[in-house]
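Both of the next two complexes hold subunit A, though its partner changes from subunit B to subunit C.
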Partner chain A sequence: MSDGLIEVRGSGPGAELGPPLLVATDLVKDFPLRGGVFGRTTGRISAVAGVSLTVRRGETLSLVGESGCGKSTTGRLLLNLIRPTAGTVRFDGLDLATLSGKELTHARRRFQIVFQDPYATLNPRMTIGATLGEPLRVHFGWKAARRAERVRQLLDTVGLAPQYANRFPHEFSGGQRQRVGIARALALEPELIVLDEPVSALDVSIQAGIINLLQRLQDELGLAYVLIAHDLSVVQHLSHRVAVMYLGKVVETGPAEALFSSPAHPYTQALLSAVPVPDPEIQRDRRRLVLSGEPPSPADPPSGCRFRTRCWKAEARCTELEPELVERGIGHRVACHFPHVVVDPLG
Partner chain B sequence: MSWPEDLGSVHAVRPLWASAWRRFRRNKMAMAGLAFLVALVVAAVLAPWITRYGPTEGIEGAYRQPPSWAHPFGTDKIGRDVFSRVVYGARVSLRIGFASTVISVVIGLLFGAVAGFFGGLVDTLIMRLTDVFLAIPYIVLAIAIAAVAGRSEHSIIVVLGLTGWLGLARIVRASFLSLKQLEYVEAARAMGYSRARIMFRHILPNAGQPVIVYSTVLIGGVILSEAALSYLGVGPQAPTPAWGLMVSEGKGDLARSAHLLLLPGGAICLTVLAFMLVGDGLRDALDPKLI
Partner chain C sequence: MIEFAASAPPLLSVRDLRAYFDTNDGVVRAVDGVSFDVRRGEVFAVVGESGSGKSVMATTIMGLPRTVRIASGEVRWKGRDLLQLPESEHRRIRGKEIAMIFQDPLTALNPVHQVGRQIGEMARIHEGLSRKAAGRRAIEMLDLVGIPEAAKRARMYPHEFSGGMRQRAMIAMAITCRPDLLIADEPTTALDVTVQAQVLEVLMRIKDEIDSAIMLITHDLGVVAGLADRVMVMYAGRTVEVGTAPELFYRARHPYTLGLLASLARLGARRDEPLVPIPGAPASSIEVPPGCAFNPRCSFVSSDGRCAQTRPELREATAPGHLAACHELEALDGVSVESVRRAGTGR
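Then we have the complex of A and B:
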């Protein structure tokens, strides 16, 4: 493994961290395709097709994959922002689908989300103080003075001046808005935060600041993160465990260290080979796996292995039989008929 | 909520309305419209003090006089001072314009917000309902209501209020449909806020600009409709000083005393035009892309 690139967090696999906080089992989400005069359902987009995930307290699980692979949908399913077609999400033992409206509202304190677009994430008609104070009012019924105190504290936590509270979002830069978005997610002291592409809309120079902030908050507050990202450098930096998604399915999952050093699924190998290496000599000599074509339409996924249409290893068996996720190492599971570990894929 | 100190120097808090007003002021036509409307409202409120005669008071011997110093807008065939009638007529028009627009806005906001926010079957039902209403010409409805409830200002307000909300409902629905996809609305859902809070605190204030613009133009449209209904004899009864009614009464003498038709007609034109100009100016001033 080349030095300087892969710095996987923590010393060991995520198994050493806390007990399971969030357990998703066989999540499926189909979106109906409507057409015709009467808006009849003419087909289904299979956005998420049977995803099972576990997030432990204090760890970061990353969901990676191309755009359109269902990772953002999965993130929203985990928070019950959209209802799954099938499957369950248990948060600390609570089955979110069975909670009453009141119970769900109460439970929502414990899991929050940070969004991708810093320009759409804040209500343009509300001051930062109002945005951050609102959850405290709604959930705790705090009076103005107490809310103001907590808002100051939140702004300070994310590295913004407390005086910013009476400004409107349009007075801030993208990076500052993203910090406000993080402060809002922290307001109710959640245990888990879904980070939906938290830095991909920011300048590279700003990204590092946000990543460090997220890392510091996790260490200080013991937060669990579900990080949705397509930038593998960010993922490497923050993750304890990684799940690689392709067309609505998890194709490989495991401790970040194992997955990055010895990817077994051809799709993971191709993804990793696209990560630039900050050493021109290594970069010049390494073999890049470039996938041809586009991902198939999720309205009409291929039979058998969903990746077979772009896989250089595909054989007849891949068309007929869908590969299951099979354990290959401690917590390292791969869904491929012909898994082959490439040691040091970046070399 | 108030925080005592500000960083002070570079960025002062700039409320969105202040910058909108700055842009509005630069639009000369809109400012002219606004000036006219302000003058009209002041005249309507102060009518008893700026007119010498009552609006229904006949002056002995002064029939069908052309404009003069004593009667700046002349007098009509039964000797009433036309200036007084036009000024008092502004009260009637503005009252009807504002009252029925308020009814339209309330109904339109409610139906549009519910349709756009909930979507699905609710949306379909509400939108079909607006289609049904669109198919009923307001003049026919007005005649029907006037026949049942009698000719009065109130029935006109109800008729125009009940027919004016359709466009508003569509505008509000469209705004809600696009705004509810935004991340801050999703964030509000993730916070567990109630639907009412999300609809009225997070979506509605951001859907407000087209509503304000549309309502302003709608007031002008309502005043025009009111004049049309009065002209047809479905509106307020004589001797109420309604502009449409005055136009109707003056149309017989166009050759000899054109002022009886042209002056109240001009008042209608200018008032409607002023509302349109202000609405136009507001649309440009409130454009969120400029903020």
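Then we have the complex of A and C:
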């Protein structure tokens, strides 16, 4: 799987983007499964079962998949918020697992996270100004006046008026709170931000503003994003590259354009075909690939290809042999024994 | 009174429904003057953002919320006003003639009873079936919603079901007495897209089989586009626009509907095309702006101040039955989702 790390750089979307910033190799994360009266470990769940990813400077890599596919766990592994069972994460060449506590704190300035529900991560007793100023004090030791100036600037960057610094989280609407969440992530001028479902808790009419903001910030600040999202319309809008996950593994990855226009893995095809399109004529005329069943438990994944129990193409080979990610085009890799490109998943 | 285009008498006819909650912070006008008809056998979608009153409206029709104050209005069901019925009569209709599917089946299903028993209970109460006959009916219903090994599953408890299966079980329960109207409140919002596609397919198949109408309450315009015959858009507890699906999606007239459609990230759209958010935040139903509730966010506000003073009535927009509540309807002639998008992106 490590051969997947060497990115083929060529023409196509994303090619003009920078060098690798974050390189994850063969990441595995097992969680113990506890049961019985004494809560003994009765098994293991591999939430992430061997994932390799590369994020370049200035690009958005999206992790998509359904609940339980391991995309959020992967996001946390990338930031070293949880320790991997196996595998490494290198940020700008630094192996995060080998860093001392102090070095890690230092490195953490450079990568931040924005959560789905900013309300849950904002201290209700702290003004927004205090919340945004906190990391500046901790990391840079700045005095109040200097912090206030930076807070004002941060609020302006995310489209909030300066007087909001004196307000408390409950005085903000959902969209404004998410802007605060983004401002906080920006405070230490990071190079990479993990966006974990950044708009899915917001009303439709508010989502667009946040999506535009994220895109503008990337253009202006050269940020790299790892976007974790289940809404594929949003993913398509923000991504340069996409990795589709199923039961802890990447089943298909590639430039967003290639993946959305010619998905080759049956799961990606089914996922795209299931996305409802807000247009009655298109939506009613589409050829739908409705999968049967639901994802199996990650505690007991199927042998061979993990998707085979829901796949309409599955044959004996899929039960026996786990497919590797195989290059199909520039940077477009698919883990399927019978990949076949559907030309227009919307049609 | 508004003229609704109608051939056969409607199944359900709601007129000027106002449902308020008295709270310490003031009166919450959750439903603030809603009028619509649901016809036999149709899929009638109700669309709105959080706080638009769509769920309170549904539960009010069902006679469920105990704390709600009905300030005015009629809910005519087959000619009788449900709001005037004694509880005992209402209960006879609820479940038998009008049934409801909730977003979260885990809170709607009783965790300590077998799934089959809960489904059979409907038939026992409403049709006086024996325990045995009700058990058979439950299995039949589970089979109908596509649950494999229905007889075995009927003896299981809700926690032993997966999310998609629980939602199917709830559909099975709702259709046990072959209701004339199924009210589905965000029936697939908690589900993954591939499972959502399965559940919606079941819902539509069932609808044809038992020949019932569906009132589909959702915020997902993609789901609406695929299923709805007619659509009502709600904002701050009011109906802002109602019409057939093509009218709403291709010839929307209310600025809120137009804004909502223009703000969506769409599969297949260009990545570099910015999205067009609706400015501001959804109106609070405690402090509803005077006049048109949408006017503080509207970019088509009239110069004579009407929008901030007088509440607009529903008027015919592009065809009989296509109604919109906007003072500036005439000025909006020729405005489309595309033109709103172009104006918003400056292209």
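Assume the second predicted complex is superposed on the first by the 328 of 347 C-alpha atoms of A that agree within 3 Å, B and C clash if a C-alpha of one lies under 4 Å from a C-alpha of the other, contacts with A are read in each partner's own complex, and residues count from 1 in each chain.
One rule holds for everything that comes next: a contact is a pair of C-beta atoms (placed from the backbone, for glycine too) under 8 Å apart; a residue touches a chain by one contact, two chains touch by 3 or more.
Quick caveat, the model's predicted, so the values are computed rather than measured.
> Could you tell me whether subunit B and subunit C fit or clash when both sit on subunit A in the superposition?
fit
> Based on the superposed arrangement, let me know which partner A:T42 touches: subunit B (first), subunit C (second), both, or neither?
A:T42 sits against neither subunit B nor subunit C.
> Quick test of understanding: once the structures are aligned on A, what is the angle at the Cα centre of subunit A formed with subunit B and subunit C, as a multiple of 10 degrees?
Given the fit on chain A C-alpha atoms, the answer is 80 degrees.
> Who does A:L81 touch here: subunit B (first), subunit C (second), both, or neither?
In the superposed model, A:L81 contacts subunit B only, not subunit C.
> Can A:A274 be said to touch subunit B (first), subunit C (second), both, or neither?
Second partner only.
> Determine, under the contact definition given at the top, whether A:G129 touches first (subunit B), second (subunit C), both, or neither.
First partner only, subunit B.
> After the superposition on A, what does A:F115 contact: first (subunit B), second (subunit C), both or neither?
The answer is first: A:F115 touches subunit B but not subunit C.
> Between subunit B and subunit C, what is the shortest CA distance in the superposition, whole Å?
In this superposition, no C-alpha atom of subunit B lies closer than 11 Å to one of subunit C.
> Output the subunit A positions appearing in both contact lists, the one against subunit B and the one against subunit C.
Overlap of subunit B and subunit C footprints on subunit A: empty.
> What part of subunit A is in contact with subunit B in the complex they form?
So the residues of subunit A touching subunit B come out as 76, 79, 81, 104-109, 112-113, 115-117, 120-125, 127, 129-130, 133-135, 138-139, 144, 147-148, 161-168, 170-171, 181, 184, 188.
> In their complex, what parts of subunit C are in touch with subunit A?
Residues in contact with subunit A: 49-50, 162-165, 192-198, 201, 219-226, 228, 245-246, 249-250, 259-261, 263-269, 271, 274-278, 281-282.
> For the complex, which residues does subunit B have touching subunit A?
1-3, 5-7, 11, 13-14, 16, 182-184, 186-193, 197, 202, 205-206, 288, 291
> Hey, which residues of subunit A end up touching subunit C in the complex?
Subunit A residues touching subunit C: 66-67, 173-176, 203-209, 211-212, 215, 230-234, 236-239, 256-257, 260, 270-284, 288, 290-292, 294-295, 346.
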